[in-house]
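Right, I'll just put the structure down here and ask away after.
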Amino acid sequence: MERWEVLWQSTALSAFTWGQAAMMIVGAVLLYLAIVKKFEPLLLLPIGFGAVLANIPLAGFTEPGGMLYYIYAVGIDTGVFPLLIFMGVGAMTDFGPLLANPRTLLLGAAAQFGIFATLFGAIALNGLPGFAFSLKDAAAISIIGGADGPTAIFLASKLSPDLLGAIAVAAYSYMALVPIIQPPIMKALTTKAERAVKMEQLRQVGRREKVLFPLAVLLLTLLFLPTATPLVGMFCLGNLMREAGVVDRLSKTAQNELINITTIFLGLAVGSKLSASEFLSVQTLGILGLGAVAFAVGTASGVLMAKLMARFSKSPINPLIGAAGVSAVPMAARVVNKVGLEANQSNFLLMHAMGPNVAGVLGSAVAAGILLALVG
Amino acid sequence: MQEQLFEAFSIMVTGMVTVFVFLVLLMAAMLVLKRFAAEPFDAESNAMKAAATPTPIQSADDTQRLAAITAAVHAYRHDHESAE
Amino acid sequence: MERWEVLWQSTALSAFTWGQAAMMIVGAVLLYLAIVKKFEPLLLLPIGFGAVLANIPLAGFTEPGGMLYYIYAVGIDTGVFPLLIFMGVGAMTDFGPLLANPRTLLLGAAAQFGIFATLFGAIALNGLPGFAFSLKDAAAISIIGGADGPTAIFLASKLSPDLLGAIAVAAYSYMALVPIIQPPIMKALTTKAERAVKMEQLRQVGRREKVLFPLAVLLLTLLFLPTATPLVGMFCLGNLMREAGVVDRLSKTAQNELINITTIFLGLAVGSKLSASEFLSVQTLGILGLGAVAFAVGTASGVLMAKLMARFSKSPINPLIGAAGVSAVPMAARVVNKVGLEANQSNFLLMHAMGPNVAGVLGSAVAAGILLALVG
Amino acid sequence: MQEQLFEAFSIMVTGMVTVFVFLVLLMAAMLVLKRFAAEPFDAESNAMKAAATPTPIQSADDTQRLAAITAAVHAYRHDHESAE
Amino acid sequence: MERWEVLWQSTALSAFTWGQAAMMIVGAVLLYLAIVKKFEPLLLLPIGFGAVLANIPLAGFTEPGGMLYYIYAVGIDTGVFPLLIFMGVGAMTDFGPLLANPRTLLLGAAAQFGIFATLFGAIALNGLPGFAFSLKDAAAISIIGGADGPTAIFLASKLSPDLLGAIAVAAYSYMALVPIIQPPIMKALTTKAERAVKMEQLRQVGRREKVLFPLAVLLLTLLFLPTATPLVGMFCLGNLMREAGVVDRLSKTAQNELINITTIFLGLAVGSKLSASEFLSVQTLGILGLGAVAFAVGTASGVLMAKLMARFSKSPINPLIGAAGVSAVPMAARVVNKVGLEANQSNFLLMHAMGPNVAGVLGSAVAAGILLALVG
Amino acid sequence: MQEQLFEAFSIMVTGMVTVFVFLVLLMAAMLVLKRFAAEPFDAESNAMKAAATPTPIQSADDTQRLAAITAAVHAYRHDHESAE
């Protein structure tokens, strides 16, 4: 009899809290979004699964001795996992379109206004009851506007680890929603004639420029913004390995096995931060709302910057490509291409949008460095 | 609250200015690179490089291509045999 | 002169103990079994090599600062390595045959009697002189009957780390011996007519069922048996990655590079637990004997359960498939197929045996959870 | 000893019952899945999926298939040339 | 205003030291050598990049909390990374040519004189002002003569971690320079007639010998030189996985993904030891000079030993193959082949030089074990 | 200094002797292996083994071979169609 009692006490049924049950549903929703809706499945599937595991009563996944505890301690607390992901992303990134059209860096800069406006917005939200974001919290939330997963996770783990789960979920969800969020804003801010503008073909960029570019980025970053060097440095290392042409086996491993292994662990560890006490609060609603604002503002500022540049440029600029400045590589560039095609069936903007798109990755890594310097 | 709002506003301004300054500097660096490091474009070497670094997507394509080839060869084999 | 003295003192010849020499021979035997006899070489080769390294006098592999010490601490003490292996196994497992014939789950359940009978047997052995197994020891030993390597290593590392080496060696050795251990038992318990029974072709199982199945397993486990969630959870994660169809690159990495890397380290770390003081004792003989009993009892209970089910089933059931319930995937299923072919040359049981085979994996993970709950 | 034996026996019974109960519950869940999630079988999609996830063994097969195809193509080339 | 002050204080410009700036240039030179000159790029690219990152002021890469700090602590302090590289190298090594001609082991032994002569030379350098190498320092420096990267890193991390950066850089640089350093020495010590000597074709070596060989090496090492077992043991494990034929998936992973991942991290961690305070000293010049001496002496002793053997051998021996005894696999063997071809256009020495070449790997791992035993 | 030099010299001598003794022992072991473990050489099995462990370089070759085959098949297809 007593043994049955022990078994019953060891079932979760006897120990479930409402919060844990609710968080399991959150995890299930993330799995649904990943598998059925194909929302950034590489991340949201492990995050959702991690959220389920982390909220199982009596299983102890997130306590010392539990697997998620170790993975979080090793990879997120130290910042190593997002940096490895960023190295892999660097190894997958082709800066050719940006080098062919350096002006598009300005679009990647303008779109970061989504980040800084959201920081202001988060502090402003404190005027409402139930919100009490510190400056660090606000900075961590605002990075959602960077539309870049590893950057958001890295910054949140440094500034506001308690909000990490919600921030990562918001960042990846909105990145998946880019095809829904961006087009209305892009269309509202442009005329059909503007959207139909064709751009000149990009010049071919040689290997030497591509090899020197990540080194130039690193040099500027280390001189002017050393707090951004972990992110930018690892990104540039990946890109250098890609372009150097002498370490292809390292570059391929960074793009494939290493980033895959890290992604599984990173996702689980992020999911393990989705606890009821942190996630089931009005703050999370605030984070989701602010994230949407961040994406919208970033998109709008990119487009408006592109319109401004078009006015002063000799060669034609289609303002749509400004929207790609938020990064969300390569989704945002594809959206630009699609909206451009709608306006003009022979207008292929994909390569033109890749420039601001990768510029947006650098821009948000730089913005993260600034936030670390100012509020870290 | 007022104070915190002001601080956030000031971070917003400082941050955007710094982002722009930084990326303008980078743009200048790119123009320098273009002037001093640009090389006549070599179509062949680039094409080869692209072929040499298959992404996972490409290797999936390979599998499909392989399947297509297999099918094609079988078809030929069949035609050939029936032709004899 | 003095320098030669130092060198001599630093040779192992001056420091060897008989126990270490004997354990080296044990390691060599494992290497022989792995390489020449092809006994589970993926595990037994690194285990055997680890056993040799761990017993080198003065080399300090298993002391702080030594490589095996670190690998054990990082991967086995924390439980992470067996869980990663289990995730990879999940990603390699096709639950289609089980879903097509859910009744075969009962065979996977029945075969776990091998585990629980062995637990009883281990305690009964304490009646003999030289044996003093605690309940934890007995539970760890009994899991050999689960015929599943990572489950055995995970449970032994939690309940009885000192016996880990002997338990893992026994588990993998008997898994390799399945083609020798099982057929006599299967034939003794069945008539030739029974063995010749053909089963109906299995229905095709669609993707939706396959995606939902690991989630259903996880749900039941977390509700009723949270102590089993580390093992079952990681297994289900691997299987979900496989079936979801949206994270193929993660699934492939889990099945290949990640499981390979982990296997090398896991094997070395397990081998490092083969020390003379633990292994060269009458206990080890007991463990080996109990392991054989566990396999035999598990096989028999699976077959008997299948006979029972055949009596009450409308569609024909070949009782041989019950033997596959011990797991030892896919070896046991192949043995079933072979014995079936001997009785009837056109009787292909392989797919029918895969159902109980994968059910046995779940069954022993569940049994491990129960043991953790009751004696952990 | 007697007491420990009894404890082991009781664990044996409890354990087996729990394993059975658990797997019967899972069986029920599978029947629910079958009823509500089963879909008309789509041979093509499954075949494609199998092709898209090569296991190490399959990729070894691929190499062999590749070799076979190469041989086949060479043979055809040869036949074709001699035919002309 | 104050905020701008904060930002300026957080730029590196306000904090750079001359030493850090100089070390960045050192890092840039290493990147140049790796990418443009193709000097061992797999290692020198990450080392150079690591050197740049480690010297960024205010970025804290090498302080607790920084990524390079963690990587160094996990992989170099523990010795795990060089051992994993060595396992991978073992899995890539074919001992066939050595087994076909066992006498070439003596060439691999003779070439280690480069190591021990350099140890003496390093202590002799202490006679000059500015040098104060301890015996441990001298031993760590002398291993450069082993012409084997992981061995050098492993030994330096145990004996003289402060010199690790300089030693690793010297070792890899000289390995890349083998085609420039060796030929003049080889030509000076041989006549054209000697260089033109053709050797008899090597016998084919069967699988059984190849499987037993790594085990024989391990056995001798553990009996006579246990301090060498970490290096030799992991090398033999890799080679056994390669030759056993039953664990091909482990062998492939060890040769590819695992060694690639480890190489990236190892390179970054080694680079992180290139700090101004250690590297910008007259000691580094001494290390570079001693490294050159070590390569030259090793090459010369190999060639002279081959000449000696040729005098007493019935079958012809080309003395050039002695130069391959320094290891630097496979570069040194290729150099031998090239110099041999210059003397006689039909003289293909590559396979004959592979024997001493892999013997040199074993020889320097053994020498490292001896140094650990005598001064560790 | 003098003393340290002597120590270094003595390590040099001890070390070289030990290296030689060790590798001579290993040489002896190899001769034993040759006598007792050598097997008649089996060309086919070695060739198969080499084929079974493709290095990254070989798999790059595969990609190129694949490309070649694809081209060949397309050419055949084309010829075949035009022949009909």
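Residue numbering begins at 1 within each chain, and the chains themselves are lettered A, B, C, D, E and F in the order written.
The criterion applied here is as follows: a contact is a pair of C-beta atoms (placed from the backbone, for glycine too) under 8 Å apart; a residue touches a chain by one contact, two chains touch by 3 or more.
What you see is a predicted model; the values in this text were computed from it and never measured.
Student: Among A-B, A-D or B-E, which chain pair copies the contacts of C-D, with over half of them the same by residue number?
Tutor: Most of the C-D contacts reappear at A-B.
Student: Name the chain whose C-alpha centroid is farthest from the C-alpha centroid of chain B.
Tutor: Between chain B and the rest, the longest centre separation is with C.
Student: Need the most distant chain from chain F, centre defined as the mean of C-alpha atoms.
Tutor: A
Student: Would you say B-E or A-B is joined by more C-beta pairs in contact?
Tutor: A-B
Student: Let me have the rounded angstrom distance from the C-alpha centre of chain C over to the C-alpha centre of chain F, please.
Tutor: 34
Student: Name the residues of chain E that each touch 2 or more other chains.
Tutor: 3, 7, 224-225, 245, 249, 252, 256-257, 370, 374
Student: Which residue numbers or ranges of chain F touch two or more of the other chains?
Tutor: 11, 14, 18, 52, 56, 66, 69, 73, 76
Student: Sort out for me which residues of chain E touch chain F in the complex.
Tutor: It is residues 98-99, 102-103, 105-106, 108-109, 112-113, 115-117, 119-120, 122-124, 126-127, 135, 138-139, 203-209, 212-213, 216-217, 219-220, 224-225, 245, 248, 251-252, 255-256, 359, 362-363, 366-367, 370-371, 374-375 of chain E that touch chain F.
Student: Which residues of chain D touch chain C once you look at their complex with the stated criterion?
Tutor: Touch residues, chain D against chain C: 1, 4-5, 7-9, 11-12, 14-16, 18-20, 22-27, 29-31, 33-34, 37-43, 45-46, 49, 52-53, 55-56.
Student: Can you list the residues on chain E that touch chain B in the complex?
Tutor: 3-4, 7
Student: Over in the complex, which chain E residues touch chain A? Could you list them?
Tutor: 3, 6-7, 10-13, 24, 28, 31, 34-35, 38, 41-42, 45-46, 49, 52-53, 56-59, 61, 65-67, 70-71, 256-257, 260-261, 263-264, 268
Student: For a test of understanding, state which residues of chain F touch chain C in their complex under the given definition.
Tutor: Residues in contact with chain C: 10-11, 14, 18.
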